[in-house]
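Attaching a single structure in structure tokens format; questions to follow.
So that you can tell them apart, the chains are marked A, B and C in the order they are listed, and the count of residues begins at 1 in each.
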Amino acid sequence: MSRFVLRRLLIAVPTLIGVTIVVFITIKIIPGDPIASLAGIGSTAATRAALTHRLGLDQPWPVQYFDWLKSILTGDFGMSISRQSPVRPLVLSALWNTLILAFAGGVVAFVGGTVLGAWSALRRRHVDGKIAGGASVVAVAAPQYSVALLLLVVLAVNNPIFPSGGMYDSGGGGGFPALLDHLVLPAIAVGLAPMGVVARIFRSSLLDVMDQEFVTSLRSRGLGRSAVLRHAFHNTLPSLFTVAGLQIGFLLGGAIFVEILFTWPGLGQLIFQAISSRDYPMIEACSLVLAVAFVLLNVVIDTGHALVDPRVRR
Amino acid sequence: MSVVELPASLPDLPVPGIGGTARATHRRHIPLTVIIPGTFILLLILAAIFAPVVAPYGPTAGSIANRLQPIGSPGHLLGTDEQGWDILSRLIWGARPSLLEGIVPVVVAGVIGTFLGVVAALAGRRTHTLIMRCLDVLYSFPAVLLAIALAAALGAGVVNAIVALSIVLIAPIARVAETEVARIRSADFMEAARASGASWPSIVVRQVLPNIGPVLLVYCTAMVGLAIVFAGGLSLLGLGVPPPAAEWGSMLSTLDQDLYTQPVLALIPAIMIFVTSIAFNVLGDGLRDLLDVRSETVS
Amino acid sequence: MTAPLMTTPLMAATVTDPRLGQDRPGGPLHPGFVRRRASRSTRGIAPGALRVQDLAVTFRSKRAAVRAVREVSFTVEPGRTLVLLGESGSGKSVSARATLRLYGDRVDVEGSATLADLDLFGLSEAEMRAVRGKSLGFVPQDAGGSLDPLRRIGAQVAEVVRWHGVERTRRAARDRAVDLLAQVGIPDPGRVARAYPHELSGGMRQRALIAIAISCGPRVLIADEPTTALDVTIQAQVLELFARLQDELGMGLLMVTHDVGVAEQVADRVAVMYAGRLVEEGPGAVVLSQPAHPYTAGLLGAVPTPETPRGGLQAIAGQPPPAGAVVADGCAFADRCAFAVEACRRESPPLAEVGPGHRAACPVVGGSVVGRAVVGGPAVGGPVAVGQPVRGVSHPEGPAS
């Protein structure tokens, strides 16, 4: 098992390197001349040349890449153009908030999804089971920002049942209960579409498992209903882990949009502001951090998968 | 001696066809899950094409004095936005870029992705590894983030959004194509074709594509829905189509700013995107039933 | 024929275990009430026979009701082996599973099944669960798919042992599991107990399933095509294992198979099924050498033997009716039968006595001495051959093995 984790981490390294390369190239292909905007209008060629040299932008790309990589690895994420302050602390605290939201969305997706999926599987010949199935289909197609707006309007703006923005009560007060209160609507918005996907996959996996020979075999051993169901549910876990790996991307990505609409202080907000103010170091850092988080979360999920399903350990 | 009845649960006998995967009984009727969303999408496309005729107003016709009229106002079925422009009309006019942002990336990524997937599955090990590793790099980003990063890099505008979305969709489509081709690669009819001396391109066109076609079609239909949603999201961030052009995502973005004055108006483009996404998803499901696609990649 | 009962630890526990057959407090997993009732019912079970009478199984779906099995009766005597022989779709597996009540509520099962004096079809589901796996063992066909892929082998064996109360503690159950694995001939049982199903070969998995099936000392073991998925050498080993276990445990064996060769090796009695009905039933040696039904004869003729001359394999013309297709009037085999007469298509022939303990559903062949002499033995070069040497078995009665 530990061998598996080690191997998995090792595989993640080239992926991470690839991620940094893609982010680097993405920034480099931005049209327009960053030097001109940095140096300001009316700057002389000499000033611009000096600036270019100082920032190391006259070096060949591979050299620039390694310099940049070095500074990233030592924790220097550069300076925010619009805020004139270091990027790293802003990004790291925003990352934490985004992870909280994505995690909450994940809880919604998996708890809701397994319940909905089980319901539509076990009651599939009845009306309520079919409704559950239909709900899954609708949920899958739900754009996270549309749901966010719907919830916002219906449950926060028109009827102030839930707060309409922010992470805590004004001034950062309220503690954990306030966090939960503020988390409900955005978490549902983030998690609804993944919930639909989880529901469909869980349903199909459950039906598949129940149909398999080993369930009959379990019954033939005289095992009771609860034992059989336990075995069956256990056997659906691998498929849930597979789904999780795919849905992490949508949870993280969806969080970006939902944060904007709910003014949740996470990476989405930062990215939004950075885009409108052309703050490229900020965009770069946020993208990098999110992508790395994604890769590492996938390692965690793969590990969980291997824990549950010995066939994966190879 | 008479046989009274055959059990309804008998599996159909496989009919050897060109592809070896045809079923003996084809569905005679088109399921509702294809007809209803299909009709809706067709009407949407027609409305987009004939927008000048269908929409009651132009996309930027109106005066700011008439801003933020609620739903059901006289002359404005869905109200007006913060510039006084009729929302219903902008919805119809906005269907053009929104649908384009959905369909074009999928077509482009579909062609490129299928090509890469087929090549990866049929060519030698080294080519396969090379292509799959490159795709893995793209795959290692959450799709949304990649779209945002690329769109941010390229700048605003419909074309840039389409390019960004195309790049994002190449990897998943290629992966599905590769999985499917790998699945049929060792099938009997493939060996037969190779043994008969057919050249690779002709094998691909006449054996491979017809067999992976249905799966890809189903997958890409769902991808169109996804692309429309992504495009809306890009506009929400200020990438994509800039105002004053009509596009569902940018309408959402601007109307959201007046969320506390006229909250329901912002819901209109949001629901429009939602409904369109549902339509494409259900259509994908329906096509899967219609074409009887059975594959784990398309669940 | 019966070897002296050897006293293995398992044997001792099941035959002389004073805990069996008496009230005892329910284990941690069930309400004691249910188990006590089942124990009461099993108290009277002598090493019992499994008797199935007039079994009929109907599958109900939205569109149709399909009669997969009708009027099937057989008996498995303690210590003896009954082979249920037939092609795919003949209803043999369905009969076996229906006896164990493994089907759900979409399937109607009629008739009766008794284990010693216990009426199986009259039990509640909870009571039946106490019988399954304990007094009635089941070895499923697909060894790969019948084991939980996510659990270790030893844990799956131990689970059954603990469930039925044969052992109480985890440790004791684990140890017994290793013992059982050893008993079914698995080398290095400790290592195998810690392994997962996908790490083992097909033969090992099959043995593990057998271990699970016998873990609580069942009176009768039902094996559904236990050798079909195995290659020939492993097949022989598994059959030998069954024989040894029967000797050691004195249990009856109902083996479902389509393989005539397997039947020849193990059958004390054979029951041949076709299109959901019994067509012939009798002592193994007799049925397999002097069949009284054209279908049985056809089955035997289709099996190559060292004596089969070149070009002499005779396939039975035609196809069996699709699984569950109901033949309304007449003998289901009539269309493919070389001996069929008008009467055969009018009425479905009943099972009639054609010899001591031997019944067949064919008045044409079975009912006439001449017909049987004509049909006796493998058909070579034509549907009728007279005086052909009978494969391997020189006398009509005697041990089939």
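Quick note on the criterion: a residue touches a chain if its C-beta (ideal position, glycine included) is under 8 Å from a C-beta of that chain, and two chains touch if they have at least 3 such contacts.
Since the model is a prediction, treat every value here as computed from it, not as a measurement.
Enquirer: Give me the fewest steps it takes to get from subunit A to subunit B if each step has to go to a chain it touches.
Expert: Minimum step count, subunit A to subunit B: 1.
Enquirer: So which chain is farthest from subunit B, going by the mean of the CA atoms in each chain?
Expert: C
Enquirer: Using Cα averages as centroids, what's the distance between subunit A and subunit B in whole Å?
Expert: So the centre of subunit A lies 22 Å away from the centre of subunit B.
Enquirer: I'd like the Å distance between the centres of subunit B and subunit C, where a centre is the mean of that chain's Cα atoms.
Expert: 54
Enquirer: Under the stated contact criterion, what part of subunit A meets subunit C in this complex?
Expert: The touching residues are 212-214, 216-224, 227, 231, 234-235, 237-238, 308-311.
Enquirer: Applying the document's contact rule, which stretches of subunit A touch subunit B when the two form their complex?
Expert: 15, 18-19, 21-23, 26-27, 29-31, 137-138, 140-143, 145-147, 149-150, 152-153, 157-158, 200-201, 204, 248-250, 252-254, 256-257, 260-261, 271-272, 275-276, 283, 287, 290-291, 294-295
Enquirer: Using the touch definition up top, name the residues of subunit C that touch subunit A in the complex.
Expert: Residue list for subunit C touching subunit A: 29-30, 97, 100, 102, 126, 129-134, 138, 140-142, 145-151, 159-160, 163-164, 196, 198, 209, 212-213.
Enquirer: State the interface residues of subunit B toward subunit A in the complex, per the touch definition above.
Expert: Interface residues on subunit B, with respect to subunit A: 136-138, 140-145, 148-150, 152-155, 225, 229, 232-233, 236-239, 252, 256, 259-260, 263-264, 266-267, 270-271, 273-274, 277-278, 280-282, 285, 299.
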